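Each structure below is given as structure tokens.
One chain, chain A, appears in both complexes that follow, with chain B as partner in the first and chain C in the second.
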Partner chain A sequence: MKTMLALGVAFALIFTAGLPAADAATLAGKVAFEGTAPVAEKMAMDADPTCQMLHPDGAVADDVIVNSNGTLKNVFVYVKEGVTGTFPAPTDAVQFDQHGCQYTPKVFGIQVNQPLEIINSDNTLHNVHALPQNSKEFNLGMPIQGMKLKKTFTSPEVMVKIKCEVHPWMSAYAGVLEHPFYGVTNEEGAFEIKNLPPGNYVVETWHEKYGAQTQNVTIAGADEAKELAFSYKG
Partner chain B sequence: MPKENPTLYSVPKTTMWFAIVSLILLGSLIWTVYADYAREWKTWQRQFVRLKLEKARAELAQAEQGVDVKKLEELNRRHAEAQKSLAARRAEIRRLQKDLAKRDLELGKVRTRAQDLKQYEDSYKYYFEEYRLHRDPRAAEYEAKLGEVRAEAEKVKRELEGLEAAREIEARQADEYQAGEKELAIQIEELVKAKKTAAAKVKKLNPSLVTELLNAPMLDFIAPTLRIQQVVLEDLRDDYHFIQVQKVDRCTTCHLGIDQKGFEDAPQPFRTHPKPELFLSPSSPHPIEKVGCTVCHSGSGHAVSFTEAAHTPRNEEQMKEWQKKYRWRPMEKWDAKMLPLDHTEASCAKCHRNVVEVPQAERLNRGRRMAETYGCFGCHKIEGFENRWKVGPSLFNVQSKVKADWLTRWLADPKSFRASTRMPQIFHLSNASAPEEKKINDAAIEGIAAYLMKNSDAAELAEPPVPGDAGRGRKLVEETGCLGCHTVDGKGTSRFGPELSGLGSKTSAAWVFTWVKDPKHFSPDTRMPNLRLTDQEASDIAAYLVSLKNEAFEKTPPVRPEPAAVDWLVLENFKKTMRASEAEAELAKMSPEAKLQFVGKSSIAHQGCYACHDIKGFEEAKPIGTELSDHGRKDIHQLDFGLIHIEHTRHGWFFQKLKEPRIFDRGKVKAYYEKLRMPDFNFTDEEAGALVTFLLSLTREEIPLEMQRLLNLKEQAVESGRLLVSKFNCQGCHTLDGKTAEVRGFIEEAGNAPPVIDGEGAKVQQKWLHEFLRQPVTIRPWLTYRMPTFGFSDDHAKELVEYFSYLAGEDVSYRGLELPDVSLEKLGDGKMLFEKFQCVKCHKLDKASAMLGASFLAPDLVLSKARLQPDWVIEWLKDPQVLQEGTMMPTFFPDGSTPLPDVLGGDPQQQIEAIRDYLFRYAPDEDAPAETPPPAPVTPKS
Partner chain C sequence: MHRYCQAVAAATFLLIIAGGLVTSTGSGLAVPDWPLSYGQFFPPMIGGIRFEHTHRVIAGTVGILTLILSIWLFRREQRGWVKRLGLAALAAVVVQAVLGGITVLYFLPDIVSVTHACLAQTFFGLTVAIALVTSKGWREDLPYEFDRDPSSLRQILIATDVFLYLQLILGAVVRHTEGLGIAFHIVVALLVLLHVLITLQTASRITGEKKILRPALSLGLLVTIQFFLGLGAFIVKIVLKNTGAVPYPATVFFATAHQATGALVLATALLLTMRVFRRLASRNCGAPVAVPSES
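So, the complex of A and B:
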């Protein structure tokens, strides 16, 4: 009974430590897309019959994905300037899968020294070639279906390109940051950055094709829920 | 009558004179003693003692601060208590000690008794054994004696043990009484140790009557603390006006902290020498006892005063400061003046001979490279650099490349065509700026152009056989490797070959086409390699390059000299060997063309154009420049400073000469052929400075062989290779030998850059490398850059193979690879791994894969067995990124793990070996290796 109690207390402590400070805000918003969505190029997967079989109807390029509600998917949104304090790297790994000869997620954020678990779900050879400028480059061959490897980035960098040389159409981008204040737009074009303490910030959005935009944000405090709107022109 | 004074002199006068002379004598004695005593270096040594004292005091203060006062007080208190209780027990302890002494006496006695008994025992034993052996009746007697003595010995032994045990108890008791006090004393000592050491140091350095006395005048011959320090260099000599004297460096008399740690920020002359790992420290390659100071810095080593040591100020400002502070003046009589700090590297070359670059001597190396790039060796003979090459293009076929008008414009002002050109300005310089002289220069230019047009061959040029596309041509220029050596239109960074911008204003498409198709066709000795371009590629490149024009240059009017100026030049030449009237008669006979040709030929001879270019009629001509082999020691009085007011130093003169080669003619009245001829290279201050360092490094000074950095045979071979690497600019494309490839500066993805070839000697087989260097083949089909064909001779290829092998610590062997013996089972595992890792997915060369992209063009693995070294393949498979940064080849064994734990016991090393062994038997037409092991299996290279 005593051990249970102790455990309970320990858990409570851990949770409270992980919980947002009482006066932290949530930054949410959408990234709109103006103009007509470019026609996605068909990807020739004939380099690898395995990939071709996984996409019997053919696959299209995933560099620009405009959602049905007129928003842009896979935009990396992060606090570029203004964050103070240190944020220890989470021990939970970011999952990065090679599935159907494509990367999932295509764009993601990760903290410095946070483990990145790379998975190969395909029954073919993939190589994961990360090309950071600030951290050590790695290039892993993953010939076995279901195999997993772990890697980390040791310095912040927006963005680190990751590519597969066996399948030249495969590319992904990782935003490596020293803090956890980032998000990626989803199928609704929405993003959310939680637990941001009060302060003056510069928020940047980054898109593989359309580049970066910035906005200044001031969080006054006390559970504020700030809405931000970005917009890219096609 | 008073007695007459018998002396012939007046006593009072004599006494007075005597007194005066005595006083003068005394004065001069005092003065002598004082002059001998008050020496400049003593002032510095006193100052250094003060500096050390300051440091020691600071250390003491720090040590005092470091002492935990509370802890010390507590310890002291406890120590005092312990001492008190010890005192109380003093009587008891004394008694114990007395008892112990008694006990020791007793013990001694018993111990002696035991030893005696042992001897008896041994003796009886011996006799007993002897008699028993010889059946002597005395045996029984000795047996009995032995028994007795043994029993006695046993008894004594027990007694001894008892005594020893008792003594131990008593001794422990005595120790116990004192232990607490001792332990505390040790702890206190430990706490104040640093402080005590520092305090001792301070005490030693503090001025004291003893040191004052030891250093006092008249007494300072006994054991002074201030004394001259010196390093005697057994093997080196100083030149004292034709007398060779053993080198003695007394610099450390004042530079007292030079080889000591901790004076890095001290004021001069006490500062620590930089880079102790390289200089002065006993473990460095240049220990002070062996090398001294003036070998590198020059100056007068035996001198012990600032001025006499021949210190050289850095600049005029410092000179003024020194004059004021130290009453400095230049040492007229000492030739080897100290080198200014930025030229010290010049001395490295004294001992580091026959090397392309001196390790870590950046500025000297830069100067050397500049001399090589700008072709100084063409005009100036320099011993040790005779194996350098002409830096300008051959003009044997120049009439097929450019037109006479282009030549005259170019000669008049090369930089107006290409700002980056290394062709110096020869005409229209400061000593030929009067209107009349300008006309004469123009005549010479026109003459040279006329001579070159007439005295060169018409090379066979091919018109581009297919229409070229400038856009494609630009892409080819940017992507096939031209930028490894050239810049063009803002692209590229290498200045090795000429800039290609504006080429359309210089030559024709036919010339460019013919040239790039086969440079050696036009110019057999050119260093430009052959990129094995197709007709279409060469046509495209020609179309692009001739589209680049320099319109401003084209608009410059060509040089048209006045006939009078041509006549004047001819006459001046004739007059060197004829009477004026004869010369005029000779001139009258000449046609205008003949005059131009004559002026051209004599001008080329006068300016020495053939030093950089091959020119017909000048194949055997001697270079026009002064020999520079001993210029680092050139007598300053032989340098003509003219009427120019600059500091009279070698480096000052060299710098001025390099910056403005004709300046020393200023203000002088000189005939045309007497004037200075060195052309203007438009060096920046920094470039000229590096060249000055190089010039100062040129000396014939004799350094004993044992002092030199001698090269062994392998090192010599590496240096020969380095010279070739520099001559053909391998590092333009390849990272090699500590230098990053020039092209890596602008190729975005490292995987698309030409390979890093550091360690190539350990990677490939020598036989293969030799063939490849002579006749390159495509290894990496995805690269747009091509390894060009340099047309290396067999000897050059051999030299390069040796260079790569020795650089990688390998031996040279042309025997080819001897494959290790491998079991069929392991080969089977290798094949399985090869398939599981899907190697052929990328390493498969057919037309279909070529369409898929760069990564499907990985090197053909069939090449491996003839190309690669087995040990290298192992390292490569472990982690390709380590050997070739940015490579597309992934690692299949990240962090020493394998994804296949079931094969070969999951041992990555074994798996890698199996793949390697399979790879070396991988056959071209089938996926399976040969079933039988190779004919001559031999053990692997150790």
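So, the complex of A and C:
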């Protein structure tokens, strides 16, 4: 009985620490895009000659990116409801780069109190302004190439907008969560959420232009691999 | 002295346009630090920094001009109340700079931006008033007898000024909250238009004095222009908002021009009011006011 209890405690600890657990599932899927992809607007970067030079063929807006396989990029997918337990913030920083006068990544997830490393890779000045409602707002100048800053968000929030006040076309979105169950769609419109323990969940997708969608998911347990399909209409 | 005061007022008008451009282009936070800009006096002039930093440079210049003005008035001016006007202008410019700093460091809280906008035009009014009272005409004005009882003109002027100042506050709120209280602003606009028309009509009825009729006419003209600029700003900023139908320069133009013309309207109304009251004061005294010599 005692060993059972000890085992139970050990399991509980493993779960709450968010470590890979034996019977956790992987949630994967795709976000399709129906209809014709909008023509990306040209972005005039003449406000800063350095930015313009970095895009000799001209830059286009990055708010809607429809992949060649008919899927939507930069959709934030996360478990909105149903997660129990606490998940300490990873000490590894999320890298957030200002490169070519655009943000990389454009959409990303981060845990509460996880460090966000902001980098300026450009030979020009950027001004990174985060506009959270629940955490402390910051607006910081990064005038030197190679400069790095570390910041954190202290409360969950989907999404926190980040923009550059010098280059009005620059914007990015961070999904700040108390747990690690999130992903962002890639060049194939695919996302993956790993190590999700058994349970009933509400999964939400969020896109800058096309908004949010939700689906209910039940994970029965034991190395389950769930496939989810979402679809946005253009 | 008078010339210098006029120059300060002109520089202040330029500053109001520069400040308006900061808001219209959304460049208020392009420079995150204050009072220095990226820790420098002259940051690279790119993107929104061009507007924000230009505004800071002109503001700094106006600040120095105002300091000189107040010292000059303090040492040379004989009328105590004019000295105090100079000190008030100096105090206003300092408070204005601090508000500008606060609005940057606290990410443009609406209340601070609105106060900064209202104080800007109040300060402009102060510089115009100082320029007026240091003019030769003001000192040498002989008591002027109105053709008819001027009390109606006095009343309508006070009402007009009150509505204009209210309109300034409402306009600043609309501008910094993206349209809050727009209905109220439109209603007061109609009231202002009506009052300015009555002012014009009353002034022309009771006096033939050019120094009153001219600013009254200017006021009528400016308010008319202002009305249409406001209509334009309303259409491009609120009615057609997010439709993509309006080219960006048009939104910048209407909002900034509406604000700058508003400053001119306010200053003209102030000038007219002061001239009328100056003459009424002369009449009540029954004798010309002693004229201190120009320094």
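Just so we're on the same page, the second predicted complex is superposed on the first by the 215 of 234 C-alpha atoms of A that agree within 3 Å, B and C clash if a C-alpha of one lies under 4 Å from a C-alpha of the other, contacts with A are read in each partner's own complex, and residues count from 1 in each chain.
The rule is simple: contacts are C-beta pairs under 8 Å (C-beta built on N, C-alpha and C of every residue); 3 or more make two chains touch, one makes a residue touch a chain.
Just so we're clear, the structure is a prediction, and the values are computed from it rather than from any experiment.
Peer 1: Quick check on the chain A-based superposition: chain B and chain C, clash or fit?
Peer 2: In the arrangement built by aligning on chain A, the partners chain C and chain B clash.
Peer 1: Between chain B (first) and chain C (second), which does A:135 come into contact with in this model arrangement: first, second, both, or neither?
Peer 2: It touches nothing on chain B or chain C.
Peer 1: Tell me the contact category for A:185 with respect to chain B and chain C: first, second, both or neither.
Peer 2: In the superposition, A:185 touches no partner, neither chain B nor chain C.
Peer 1: Is A:74 in contact with chain B, with chain C, with both, or with neither (first, second, both, neither)?
Peer 2: In the superposition, A:74 touches no partner, neither chain B nor chain C.
Peer 1: A:147 contacts which: chain B (first), chain C (second), both, neither?
Peer 2: First partner only.
Peer 1: Go through the superposed model and pick first if A:124 touches only chain B, second if only chain C, both, or neither.
Peer 2: So A:124 meets both chain B and chain C here.
Peer 1: Does chain B (first) or chain C (second) touch A:165, or do both, or does neither?
Peer 2: In the superposed model, A:165 contacts both chain B and chain C.
Peer 1: I'd like to know which partner A:50 touches here: chain B for first, chain C for second, both or neither.
Peer 2: Touch status of A:50: second partner only.
Peer 1: Can you tell which stretch of chain B bumps into chain C once we superpose, 523-531, 577-585, 631-639 or 901-909?
Peer 2: It is 523-531; the other listed stretches have no clashes.
Peer 1: Do any residues of chain A touch both chain B and chain C, and if so, which are they?
Peer 2: Touching chain B and chain C on chain A: residues 47-48, 124-125, 127, 129, 131, 137, 139-141, 143, 165-166, 168.
Peer 1: Enumerate the contact residues on chain B facing chain A in the complex.
Peer 2: 749, 751, 836-838, 841-842, 852-856, 880-881, 885-892, 894, 899-900
Peer 1: What residues on chain C touch chain A, complex-wise?
Peer 2: It is residues 26-33, 38-39, 43-44, 46-50, 107 of chain C that touch chain A.
Peer 1: Would you tell me which residues of chain A are touching chain C in their complex?
Peer 2: 47-50, 124-125, 127, 129, 131, 137, 139-141, 143, 164-168
Peer 1: Would you pull the chain A residues touching chain B in the complex into a rising list?
Peer 2: 46-48, 124-125, 127-129, 131, 137-144, 147, 149, 151, 165-166, 168
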